[in-house]
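Below: a set of structures, written as structure tokens.
Across the two complexes that follow, chain A remains constant while its partner is chain B and subsequently chain C.
Coming up: the complex of A and B.
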């Protein structure tokens, strides 16, 4: 009797253990992006380890949801894909695990430690970089006449390029572009934007095109507006424009000037059981090694975050075209770039956002 | 003894008075009824009342300062924030002791985020200083005043300490002040700078546009409900399906469909240009503004108006109108004096439903509202999911809830809630 009870108990425990060991929930952005992760990371990882990966497309609300889960004491996510700014906030809030890059991430094939391979892209102790993407402009080639724009300030030039533009409904990036098109030197942008006058200057510049702007809040908006001919040019993520141009063959071209680099990567939530944390770390170790990051670029035009991955970027898996020239990090495309200023926006985001929204509603 | 028993109250078989016995059995009935609905009550309480109350509570809850910097808060009590002078060493020493604990528990950055809502720059100040303060020793490295100012010059700014002192209360009115474009300052409540005032305007716009939408729903819904109630069963059923069909379609799909219809290169503009009614260069702007929001939301909320109206109209006996006519009333008089007053409870029910739904709408204004057609709920969503300022979001939500309750009360006083019928 006693023996059979303990056998039962062990069996039950192992069944329960297996059930949790074989599943993990990975949160990302959905669409083509999750698909690229699935093909580059999830599928090989599942094949290697037998772990079933459940995709959850809630990355846009990840910070709020993680905070709520944490307060409720029941974190159901194992690995979360977030933009770097969100990773910093999650780290600040104590909701994301701190990572020691050299110990917990794979070194480059030549032995370079991970912290050097990722370099400056590790913008927070909790952040495991994955891709570099950029927010940049695309324009309708058939609506801009004989002189296609080469300069970001074309956005503010409604005489040379009449028609509507689409910009994101938030101050980040727009304020920077407005200032450099108002004559502020590239390197001074954030010093100017720190001041009351600088913020007013940027809004005044945006005011000159306010009537010609459609404000977007979802990444899919600008590609749709461009495809419909609603706007002449518009800002969005470079991967969205890539698929509009190369996969849907729309008459649209990229304006890479003054593109703003941003990072996207993984965080591991705090409050997981030891076992789940280990599994999440194991996944992340695998999914951010040099080859895996290079593999993702076969499916989507975002640049791998490791220096050692860049030479391995090949051709698109379905289209067969060379991917390197479509990467935001390609030298041809990155002559003039911003790197999203995380520290600045962590401080000023609420303040400037209130002013920006007040200006918008005038 | 026997006399009193005969003259006194009637007794039940067990010797208690009949009145008591009745009360007891009634109480037992009630308890049984309560037990029957107890699962539902508990469910509603746990899944509805508790979360809402706990969310609303965040609008005043503010213990983070006292929890994170307990000694500093006490030390600051002796400091006069109006003096224009920095606090003395005692405050700095207390602050270092608090921070050492906070950095260990990683709560200092959370506090930085909290204070950044009040004073821009606090977030990075706490994040950057945390690491360096953690290397200090609370005894040997004293005095700290100059060391802290070396670490970040913000610690040498009187305003920093004034902000900490101002917000070091366990329950604050700060979020509510923020929600009405004011702020909590050392000098008391003051208006936000004009360039940041937006929330009161959005509250006004939300109420105004919800009323307009409710109005349009009444105008469009009444004839349809009337038709539904008066057509023969067979055609009425077909029409009913047409009313319900969009109701069963996803909200996002319907909203996006309006985008396709209304945009400048959209169906309506294309048709108007093709008909020659509108010049190609001057296409109408009917989306990404208030018109877009009103059109899309009226369409989406219309079934909520039609259904209660229809169910009330169905119960109005057609003989009344016939009787009015036989007594010499014209069609209009018969409708206006006899039919319409009986249909008012349906209008009331539909209006309350539509208005209350409209006031909290979020996704449709976000998609088709542009800059002029967004509601207060869009700001609430921003503060919940982007800025993480849940205190402010809760305050905004509480005000919105309060506004709805006040309007409901006013409605009850003016129209009377007994006049609302959802059917029957």
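Coming up: the complex of A and C.
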């Protein structure tokens, strides 16, 4: 019994030791992305204020977890990184705090208020934009022969580019790409996708490559499949491809054509104590100022959401390469792009999701 | 070797087809790896048929034939697939040389009883092959992880460098990541904190419950037992959901009304939840050992003036200790491996090792997970070996033979 008493004593001591520092739980997506936030925001913030930041990589289930936490009256998260669509949902349900951009966020160095600096990217009252990322394709340079693809429709061309492809296991983006490659003009895509026939058309186009698709659900899947050479090309977030190509030196190249832009940013949950809310607001004010957003681009190739940050984007912190040409917003990369259509998908998501899943299981 | 059965050489018509069959199996693996299983089978069978015939009929001398085969296969493998190919060639050359003469000289019959029918001999060896195959299927998935954890790349991939045994392809960086990365270190420490305390609680409560339930006069024994072991039977996700709301209320009470620290309350919640999961294992193992416990010993102790507490620690506890330890081990492993409940009940500051592995697998697919898995495998082997050695030692001290 002596042993257990001493273990208990040690345990109590270590718990007490941990409890003295101020702590803050920040939820994000894990991997290289959390690492970039850690280096650009968390570390300087901890040094300045003495607050310990704990990372929780649960952003993928943020909506469900916040609902449950709110119901149980036990919100353990202080700041949450979510995609814009989730922020809109959380805001509608009252699970995220409304932010007054001009009062609660830092102005640009030249005095431009935050609401103008972020511009259209503030898609919801609760959403504090952080980055612009894109979902796009990467391909194995050694498996595509002498004619590397330049067009997104290469994905649907199994004759010119035989082999497996990886696509995300949800209709968003896949339906748009299918329609474009079935001859629908860029600007008409969502008009067509609104109709039953349009949805049928997109699924019929996807059906032509169904046998050579590996469906992914985590952002890390496609890089792993590309590194293994199991797929010839695959869609994923552009930052993952950047790290695969530049940091891991894999024989992979980007196919920027028809990339889909999306936004990612912070929300602060409702139901926090006054003290924690203030701390969260203080953190967000710091982490989304012009310099911090530009700093993040030193570690990962996502575009900063502030207009004033763009000129400050420099070189990669470890590799020393210029980051601007790797940004999805770079003019060379964004000749043909989509902005994720929040309104369309908010209205049609459940319906198209059901059809897509039914088609998948056929 | 002492021969049980006088043997004579097997006919060529038996040896050559059997060796060819084994060659076909090897050919299937090699062929599948190179794109065509069928071609592999055909080439493997033909090659080995010719080789075995040549060794027996042309070369005759066993030593020369077997060494020749090893060298020939090693060179062939090296030409086809450099170092790893050469290694495979070396091993298969040794195996087929041994196998051919094992069959030809009827060595397979020597150690078996003389009256066994051919069918029984066949089953004798088939049984061993099946057992070996089961062992391979159980252990390979664990072993595959180990070389991958030394990967120099950040993917779950055997790179060409690794297959060439090029030192460039290997590195310890994933181990370094585990020992230097804050997230991994925090979760490792959390696991080492939560699992032992939860184990102590579940062993204490579970042993008490088992002893209580073994008394003759307890009413509703079966119902109580069923309730106590229900955490083991109810699907974990359901317990976890229930626990989330239950412990949230307890946590709010401890934090809000009693003003306790948020992090401390977080640990209390996770430890209690894990203790509940561990209790059924302790109850079951201790109940099982109590069946063989002689009640007259407690009466004898009481007769000699020992109070019940002293009787428990001096008489009953040492005798049921194996059950208690086994239950404690299960409880420890349950807590140490548990991911669902801690995801619900814990917050990020209570992140345990399995939680970190789970998110790492979903978001990054980083080989650090494999490095951690390797470390855990080594620790478990060390733990079990120590336990087994201690058990043998105590048996030796008590004058019993091991086993």
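Just so it is clear, the second predicted complex is superposed on the first by the 341 of 362 C-alpha atoms of A that agree within 3 Å, B and C clash if a C-alpha of one lies under 4 Å from a C-alpha of the other, contacts with A are read in each partner's own complex, and residues count from 1 in each chain.
The working rule: a residue touches a chain if its C-beta (ideal position, glycine included) is under 8 Å from a C-beta of that chain, and two chains touch if they have at least 3 such contacts.
Note that the structure is a prediction, hence the values are computed from the model and not measured.
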Task: Touched partner set for A:29, first chain B, second chain C, both or neither - done: second
Task: Which superposed partner A:350 touches (first chain B, second chain C, both, neither) - done: first
Open item on the list: With both complexes overlaid on chain A, does A:47 touch chain B (first), chain C (second), both or neither?
Closed with: neither
TODO: Report for A:215: first if it touches chain B alone, second if chain C alone, otherwise both or neither.
DONE: first
- [ ] Would you sort A:147 into first (chain B), second (chain C), both or neither based on which partner it touches?
- [x] neither
Open item on the list: With both complexes superposed on chain A, which partner does A:91 reach: first (chain B), second (chain C), both or neither?
Closed with: first
TODO: Determine, under the contact definition given at the top, whether A:228 touches first (chain B), second (chain C), both, or neither.
DONE: both
- [ ] Once the two structures are superposed, pull the chain A residues common to the chain B and chain C interfaces.
- [x] 60, 228
Task: chain A contact footprint on chain B (complex, rising order) - done: 106-107, 109-110, 112-113, 116-117, 120-124, 127, 192, 195-198, 201-202, 263-266, 288, 366, 370-372, 374, 379, 382, 384-389
- [ ] Could you pull out which chain A residues touch chain B in their complex?
- [x] 60-61, 63-64, 67, 89, 91-94, 164, 169, 200, 214-215, 217, 228-230, 343, 346-351, 353-355, 357-361
- [ ] Under the touch definition given earlier, write down the residues of chain C that touch chain A in their complex.
- [x] 153-157, 183, 186, 189, 193, 196-197, 200, 244-245, 248-249, 251-252, 261-264, 266-267, 347-349, 351, 359-360, 362-366
Task: In the complex with chain C, residue positions of chain A that touch it - done: 4, 7-8, 11, 14-16, 18-19, 23, 25, 27, 29-32, 54-58, 60, 68-69, 71-74, 76-77, 218-221, 223-224, 227-228, 248
